[in-house]
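Some structures are shown below for you to check.
Look at the two complexes coming up: subunit A is in both, with subunit B in one and subunit C in the other.
Up next, the complex of A and B:
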């Protein structure tokens, strides 16, 4: 640390690019949602969007996907981190394999999940081979289904290693001391984990969870492949409006994009604002 | 927990994480692999021959994706190294706000900003073009580079620069002979991550590229949608390549936290 200073010159190029692309994108999206640039401003698109049942159903679906994916990823990620932190034969290989998912593009993973879980997919074929089902129709609909199981399965599959590695790194820097102290004072292993380790990990878990929530709420390529056609996830609905041949749907697409940005902004504030406490 | 149970649970976990890759890999070497066959009846390298045949779109998509990722990573490094130095070495008023502004693009979903950026780029004539896609990929890549580099500079001893200067080194010499060797490993890691993040982009590429700029993820969905599962399988395997190479290169150098930051999203 050199100390106090005014390094604005080194920051200016990066901040400028982010301001123009990210800030400009948000500003133009907001302006577009009020119909600016096509003569005058009006709140018509917002009124249309907010009074449409389909939008609320999509919002509800996206929130369900994000909540379920985040909760399961955090839970399984925590379990995986607890599993992988102790030494056991093959631990190094297990940790390496555990990291592979982080590098896989979402589009590739989503297609893999589709071919794994669909009614004619790999698991269905194994079930047929074992005599559990007669044909594809006998296998439960796990993709493009009402409860978005395929979508949630994808995010959990992809994000468990992300959560797990963040927690492993935090466990490493905490060391064994806090838990050993609790154990020597008579706490059971489970109590030491729940009452000592977990609260210490919580800040990291909340931040990592917020990143997972925002992504599973706002990603497009996963629900477009693994989701049912109605209601669609909110990002898919926004894209449908954006590519609608009727240009009057553009302001509505922008309003939906702003709605997605708003949810993620609330989330950033909730998860990151108090980080200096 | 007994070691045996630990190994068993570890195996279940790893199997679940690998499982979705299995049908992708099998389709890339199968012909007509349909229900209820568990494994393909006909194993063949035909899909790979077709993928690299003269009339295939795959080689050009591979080249386009690589070119865009290289350019986006280079630009992100050029902009992100100075910014990372500023955040890693200095305390200043408004630093928390700057960090938040640079973190936000990682969290705000691509579609939320992409539709607005499309409006900006339309006015600048950058839509439907490779340069436009490279620029829009800075939104997700630049924050990664800045955060990796600010971590690198937080552990960097800037005193060495003062010593070099007092011995008569000119600013460029200090940069080249003192700073660069010290931060080189960090630059490599940041550059590889930026490459990987760009390599995996979908919706920003589609929004700005307008379907004219065809990268591997876009072609993957197009082939799967057209029922060419064998070609989609090849594309999926090709898409895994850089991530596996990068994992092999950096897994030993990095703690879990570093790798987690580099995950694609």
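Up next, the complex of A and C:
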């Protein structure tokens, strides 16, 4: 063993930070959602939140955003990783370009999407200029739209490199041998990929997908910039309640935040359990 | 059963200084087990992958039964490669692993089940079909990998260092199993190894590969005792090289005139003999040397001795080595049959 003492003792500093910052935040949020610290405790905020139709519509929208973003990111990320692992001239440059938007902040990316895809945006103007549509206003609504296409587009744009990076690292450690073994036993390239490589990549893909899901389900800045005003994504609703001048809305904000944490924890747990079965 | 021919294969890995395969030619007969022996990095695994179709050579030809297979992808070649690490598919159980190739051939389920059971029986793992690879020992994994290849009844079996990941006692067992299965099935087999003993035991013939080309091919004992050149002799642990001239069945050198075995090459060259072939005592080819150093190496003791500026090394058992003390003179006999001449060295 490296270092001395019990492993728990060595981990204590890191665990302490995590416990205080994240565990403490969760505990305080949970306490706040039950109105603690405001004299007494009650489930009023939870009852109010769960009986409000707007919350359920927001939950539905957030689930749609998260599922669609995760599925598309995983699919495109996997395809990109499969293409980028082959040796070809300029491979290094291709990988760099592929990964470069990992460094761009979400808010900046969202503004970029707005500039690109909104009805007054670059693509709309270009299409109008090319005579494909009558004017920029004739461009389909891709931002602030019902189906959250702008939000999903942003998350996919941002998370494809993340998924791809994790899968590329995974493929590098697996090497070519599993597929070579399958080929030598008579599998076509496609069969070797489908029956051997993909199952071996699955655990990493599910883990990376869970991270993408948790983020796209719980983050508020992108839906604020690119989402419609009603229904809003669930995190936006929580943020609005939290910044409401009426302090009585605070417990509801906490309850919404806890709801977000709970739903994503349950769904991610289910994904891992489904994998292990 | 397939006859394998490698004809003048060349291959240089991108960015590599030396070629991995350098005019490699080789012939493995129908039903033969040939051991391709060489140090790590000599290109033997590359050669195996070229035969399997996993790597394309820069030039040259691979022929199965005289027909070039260069254009065929690995899945359509009559050859199955068993990897050094086994490469069992971790997400499938043992039976699914063994049945993988048959599944690729779209055989009926019932036939697959029957042949998988037979295959596992062959490697004495009949009751482990439901296990996952991570629940097996290293030896069992290797046997599953072997069964997975054998159920396909391939024309050519390629084994890449099949024993190197096993413990010493498992190796002997696995070696016997491979030998027996090869005899029973008669599948032409090319086995790659870096272990001289393994090559000698497994191969009907041994091909020694150094620097991407075959230096010598023949029965194990021939390579050991009648090396074709200096590099072959060195690879097999040869350390005694005496310059001189061979003529009329005798070798003239600093040690005097030594009697040579029948058919030894004539002309200027280097005399070589294995260190363990040297005996103490009088008789034909007996010489006097001064002991320089003795070194205990477990079963054997290595004795370095010198005469006329020429050093010889001998490996002897404890009893024979007891008389040797540094600084003393000693009589060594160089048995005629153990001598060999490397011409032109």
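Just so we're on the same page, the second predicted complex is superposed on the first by the 255 of 277 C-alpha atoms of A that agree within 3 Å, B and C clash if a C-alpha of one lies under 4 Å from a C-alpha of the other, contacts with A are read in each partner's own complex, and residues count from 1 in each chain.
The rule we apply is simple: a contact is a pair of C-beta atoms (placed from the backbone, for glycine too) under 8 Å apart; a residue touches a chain by one contact, two chains touch by 3 or more.
Only a predicted model underlies this, so the values are computations on that prediction, with no experimental measurement involved.
K.L.:
Which partner chains sit in contact with A:177 here, subunit B, subunit C, both or neither? Use first/second/both/neither.
P.N.:
Second partner only, subunit C.
K.L.:
Now for A:199: first (subunit B), second (subunit C), both, or neither, which partner does it touch?
P.N.:
A:199 sits against subunit C, while subunit B stays out of touch.
K.L.:
Where does A:50 make contact in the superposed view: on subunit B (first), on subunit C (second), on both, or on neither?
P.N.:
Neither partner.
K.L.:
Just to be sure I read the superposition right, which of the two partners does A:248 touch: subunit B = first, subunit C = second, or both, or neither?
P.N.:
neither
K.L.:
Please work out whether A:266 is in contact with subunit B alone, subunit C alone, both, or neither, and reply first, second, both or neither.
P.N.:
neither
K.L.:
Applying the touch criterion given at the start, work out whether A:191 contacts subunit B, subunit C, both or neither, answering first, second, both or neither.
P.N.:
Once the two structures are laid over each other on A, A:191 reaches subunit C alone.
K.L.:
Kindly classify A:22 by the partners it touches after superposition: subunit B alone (first), subunit C alone (second), both, or neither?
P.N.:
first
K.L.:
When the two structures are laid over each other on chain A, which of subunit B and subunit C touches more residues of subunit A?
P.N.:
B
K.L.:
Under the touch definition given earlier, write down the residues of subunit A that touch subunit C in their complex.
P.N.:
That would be residues 87, 177-178, 180-189, 191, 195-196, 199-200, 202 of subunit A.
K.L.:
Show me the residue ranges of subunit B that touch subunit A in the complex, using the header's touch definition.
P.N.:
3, 6-7, 9-10, 13-14, 16-24, 27, 34-38, 78-80, 82-83, 85-87, 89-92, 96, 98, 100-117, 119-120, 135-136, 138-139, 142-143, 146, 154, 158, 196, 199-200, 202-203, 207, 216-217, 220-221, 224, 229, 232, 236, 239-240, 242-244, 246-247, 251, 255-257, 259-260, 262-265
K.L.:
Enumerate the contact residues on subunit C facing subunit A in the complex.
P.N.:
So the residues of subunit C in touch with subunit A come to 14, 49, 52-54, 73-75, 79-81, 83, 85, 87, 89-91, 100-101, 104-105, 148-149, 152, 158.
K.L.:
Flag every residue of subunit A that touches subunit B in the complex, lowest number first.
P.N.:
1-8, 10-11, 13-15, 17-22, 24-30, 32, 37, 80, 83-84, 86, 88-91, 94-109, 111-116, 120-122, 124-126, 128-129, 135-136, 157, 160-162, 164-166, 168-170, 172, 208, 210-211, 214-215, 217-221, 225, 235, 238-239, 242, 253-254, 257-258, 260-261, 264-265, 267-268, 272, 276
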